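What follows is a group of structures, each given as structure tokens.
Shared between the two complexes below is subunit A, which has subunit B as its partner in the first and subunit C in the second.
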Partner chain A sequence: MKLEVGYIRICDISFAEATEVKEGTLYVNAKELESMVLEDERIAAVCFDIARPGESVRITPVKDVIEPRAKVEGPGDIFPGVITKMSTVGMGKTHVLRGAAVVTVGKIVGFQEGIIDMSGLGAEYTPFSKTNNLVVNFTPKEGLSPHEYEAAARHAGLTIAYTLGKLSAALTPDETKVYEFPSMVEGIKKYPDLPRVGYVQMLQSQGLLHDTYVYGVDMKKSITTMLCPTETMDGAIISGNCVSACDKNTTYHHQNNPVIEDLFAEHGKTLNFAAMVITNENVYLADKERSSDWTAKLVDYLDLDGVIISQEGFGNPDTDLIMNCKKIEATGTRTVIITNEYAGRDGTSQSLADADPSADALVTAGNSNQVVTLPKLDRVIGTLEYTEKIAGGFAGNIVADGSITVELQAITGATNELGFNLMSAR
Partner chain B sequence: MSKYKVVHYINQFYAGIGGEEFADHKPELRNGAVGPGAAFNAAFSDKAEIVKTIVCGDSYFNENLSDAKKALIEMVKGAGADIFIAGPAFNAGRYGVACGTICEEVSRELGIPVLTGMFEENPGAEMFKDKLHIVATSNSAASMRTAVPKMAALALKLATGEQIGASVEEGYLPGRARVNFFEKERGSKRAVDMLLKKMAGEPFTTEYPMPDFDRVPPNPAVADITKATVALVTSGGIVPKGNPDRIESSSASKYGEYDITGVDDLTFETYETAHGGYDPVYANQDADRVLPVDVLREFEKEGKIGKLHNKFYTTTGNGTSTKSSKQYAQEFSQKLKDDNVQVVILTST
Partner chain C sequence: MSAFGGGTNILVTNNPMASELFESTLQVEYLSASLLDVLVRVRNLVHSGHTLLTHPLSGSVKPNETHYKSVLLSKSRGKADAQSVQIIGECILAAQRFNARQLPARYLRDMQIVDLSIISSALETKKTNS
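And then the complex of A and B:
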């Protein structure tokens, strides 16, 4: 499979009469988008806002972040099986509005959504302080159930990102990257001396605001399976979760999975990127046993020399992580796991909820319990009404001067376990 | 600004008294810097100065622990130290243990910053690296020249109360506390590099060594549950509606104790969950799903259990460190014991 990804640089975003891209600026007609969103009768109202890098803006409670992309050549379309017709993606040509993002916010569903600060200390911890964000703020219809509300908000965010992404199709990319993924036999023939490496991606699947969808399939109802890594670049995996926003993969993370990018960067040089396995993180023990059995079985069957395992979430999924690691190591395949830590605010607690001696190669995205005080920012998009209640907040954390104190876990993407960031801990 | 006053602890060997045959040397206080102290003073430039040096034989210290500690504390106190430095001990075992022991004692008794240095395999490192800043050195005194500047720099940071970075940044042995910092490469790249080394059989360093996991064997079965008082404890965050104690949705800083005298059923109107780590919809509809008061009341009436304890204990397991969980459990376990509860049903989510 071969996918060419063309990046069109977006340096600014602005409201305008016509929705278009001109000289690196994304212009948006909010009225058009509004009527599109309101076609969904579950949503009572929607308003749009703009947040640029460096502005004194706080966005909360954030549900998802999505990158606008368009399919230019090849089968299928962006967000297959969800926004567009089901068809296998990951081949041909895709364009990206690089530097732009759609951010969905609105009244919380549970306790769970995150914070994005566009400047100040908080901006250092979230990757989305560096994107030009179109913020979509929903008001759900009175009496709508949390599950329905979450689904409506998710769908609307994807629809808007898809619509904006379409603009990129006719543009000339500033930069192009080619990702070529050989079939198993081709790979072995081409790189007989390189170690065959796989990627095991664990997907959060514990229920409301903890779900992930693959080609529209709710991952908690799927058995462990395989994907061609380029499929993720066309939106095959989408996020339905942001609980403890620091370590949940937004759709943007899935579209730009850094493990996939970094394995491709070494592909044909120091390793042969041979397979990608996706598995879930369900709450029942039987599901955990089944999924990790299957993960190990597939890795063994594929005869891989090594795999990188990325986790999503913490606590309960630590069990899935350790099961996957232990069972894969037992097949003779070497593992490196990527996780984050809950070592307590002072950093002196044990960091994981499960452990095993075979997990001897670990990359950490940092301690999510670290406390930070975020300065008052001039403008809030969304509401601070839930800042005490969201995961990472606590009673009395909004100070009179307008600053807020939270654990890093409240900041969207701060300790992402795909290894998206530079942050670590020792 | 005046210089920070440093008291430095060294053994008989580094004081130039002699080797093993002089290891019984009793604690002795000298003015100014002695032995490696000169190098420390040079590294401090004008910011700090060793005012007193304590010399003590390794055997004396370890064989007369209580007397030695007492004498040394008095000496450090008398010198009006702002900071206490011991060693570096490199790979000298008894010296390393002495450095760690006295640093811990000074920290506890006098509350001033303390620092030592040693080789990672020194037995003192294993004993104290979770409690103290121990600068990592090589295994031989030949590396004094590189060890002292690292120790001096960290000592000054500790003295000024500056935020101490992660162990890899500051050069101390990992184990004391996890500290966040920004790496040069993103996590995914570090994972690829680590995997390449691991597959090739080359040395690599994990970013978090696996802890010794605390596994608790279950207690023996209760002999006669029809006579027992049964209590409910949950990490599923069930609280009276409105969350009166404002237990956090993640990383709980407390647990709640709530009276259920006369409560037969937890309803949508009366109870809810504070937990932010699972789908709260079903627990909010009927909190008995997480904290089964209704069933236990029935069992109570039917005589299947002795009685349901009139209090339940609850916290949010979500994002709560194991250390905090342990502390809460220790507290309310004692209360449960004092209330003669024989059985606890612990529900998680």
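And then the complex of A and C:
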């Protein structure tokens, strides 16, 4: 499979009469988008706002972040099986409005949503302080259940991103990247001396409000399977996830998975990027056993030399992570796991809820219990009503000067386990 | 003994919503107690030979971020299941690491909904297993 991705640089965003891209600025007609969103009778009202990098703006509670993209050539369309017809994607040509994002906001279950600060200390912890954000705040129809509200907000966010993404189709990219993923036999023939490395991506699938969809399929109902990594760039994986903000993969993360980016960057040089396996993180223990049996079986069958395993979330997914690691290592394939830590505010507690001696190569995305004080910002998009309730916030954490003290887990993407982070240490 | 826990399984919960919803289909043991108390009760059942069917740290919600927990165990009893013993032990250690915090009453309903959603979804996938 070969996918060419063209990036159109977006440096600013503004409301206007016509929705268009001109000289690096994304202009949005909010009225048009509003009537599109309100076609869904589950949504009572929708409010649009804009947040630019460096502005004194706090966005909360954040549900999802989505990058606008368009399919220019090749089969299928963006967000297949969800927004567009089912068809395999990941081939041909795709355009991206790089630097723009749709941020969905709303009280779904307030305490599991996150914060994006566009300036100050908080901005250093979230990658979405660097994007020009169209913020969409939904008000549900009275009496709507949290599950229906989540589904409506998810669908509306993707529809808006899809609509804006379409604008990129006719534009000339500022930069183009080509991702070529050979068949297994081609890869072995082409790079006979390079180690064959695979990627096992674990997807959050604990249940309603904690779900991930692949081509529209609820991942908790799927057995472990394979994907061509370029499919993720066309929106094959989307987030329906309301777990703690720091380590949930938003749809934007799935569209721009840095593990995949880096494996492609090394492909043909230091390694042969040979396979991508996706698996779930279910609550039922028998599901965990089955799914990890399957990851190990697929990795063994593919005869890989090594795999990178990325986790999503904390707590019971630690058990899935260790099961995957242990069972894959037992087949003779070496593993590196990517996770984050809940090591207490002083960092001295055990970081994971499970462990095994075979998990001897680990990359950490940071300690989610780390406490930070975020300064008062001039404007809040959304509401601070839930700030003391979100995971990582604590009661009474908004002090008189308007600053708030939270654990890093309250900040969207702060300790993302795909490594999509702004800060690092070596 | 079925590995998937055939028959009417046991739900240990301190979530009134879950207790109410499942009282006719499961053997519900409702505790008006803390999350840690629920985990300790689950440990005692595991030690007496019941198998853990769902992971007690479900939801990626840290033990001090929610007050509610519902855990499903097999009705049938056998020898203490080693994996269940290990998992519940680790969960209790994890829960003890976090100090329980007082959360305003207006947040409790959301937490009950999240716990209920997770245990309901687990029971859905359990149907596929049986």
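The definition used in the following text is that the second predicted complex is superposed on the first by the 418 of 426 C-alpha atoms of A that agree within 3 Å, B and C clash if a C-alpha of one lies under 4 Å from a C-alpha of the other, contacts with A are read in each partner's own complex, and residues count from 1 in each chain.
What we mean here is this: a residue touches a chain if its C-beta (ideal position, glycine included) is under 8 Å from a C-beta of that chain, and two chains touch if they have at least 3 such contacts.
Since the model is a prediction, treat every value here as computed from it, not as a measurement.
Clashing of subunit B with subunit C is the outcome of superposition onto subunit A.
Legend: residue contacts after superposition of the two complexes on their common chain; A:K288 is shown touching subunit C, with no touch to subunit B. Of the two partner chains placed around the shared chain by superposition, subunit B and subunit C are both touched by A:S349. Applying the stated contact rule after C-alpha superposition, one finds that A:G419 touches subunit B and leaves subunit C untouched.
After overlaying the two complexes on the shared chain, residue contacts for A:L377 are found with neither subunit B nor subunit C.
Of the two partner chains placed by superposition, A:I328 touches none, neither subunit B nor subunit C. By the touch criterion defined above, A:V197 lies against subunit B but remains apart from subunit C after alignment on the C-alpha atoms of chain A.
Set against each other, subunit B and subunit C touch different numbers of residues in subunit A, with B touching more.
Shared-chain residue A:A152: touches no atom of subunit B or subunit C. Residue contacts after overlaying the shared chain place A:P357 against subunit B, while subunit C stays out of touching range. Contacts of A:G315 after superposition on the shared chain: both subunit B and subunit C are touched.
Taking the listed stretches 27-35, 81-89, 117-125 or 315-323 of subunit B in turn, the superposition on chain A shows a clash with subunit C for 315-323 alone. The contact surfaces that subunit B and subunit C form on subunit A in the two complexes overlap at residues 110-112, 146-147, 206-210, 243-244, 283, 314-316, 342, 344, 349-350, 353-354, 388-389, 391, 394-395, 409. Chain contact summary for the complex, subunit A toward subunit C: residues 109-112, 146-147, 204, 206-210, 220-221, 243-244, 247, 282-288, 313-319, 342, 344, 349-350, 353-354, 388-389, 391, 394-395, 409.
Those residues of subunit A that touch subunit B in the complex are listed here as 110-112, 145-147, 195, 197, 206-210, 243-244, 258-259, 261-263, 265-266, 270-271, 283, 305-308, 310, 314-316, 334-336, 338-339, 341-357, 359-370, 388-395, 407-409, 416-426. Subunit C contributes residues 3-4, 52-62, 65, 83, 87, 90-91, 93-94, 97, 101-104, 107, 110-111, 113-114, 117-122, 124-126, 128-129 to its touches with subunit A in the complex. On subunit B, the positions that touch subunit A within their shared complex are 130, 166-169, 174, 176-192, 194-196, 198-200, 204, 206-211, 213-214, 246, 248-251, 253, 274-281, 317-324.
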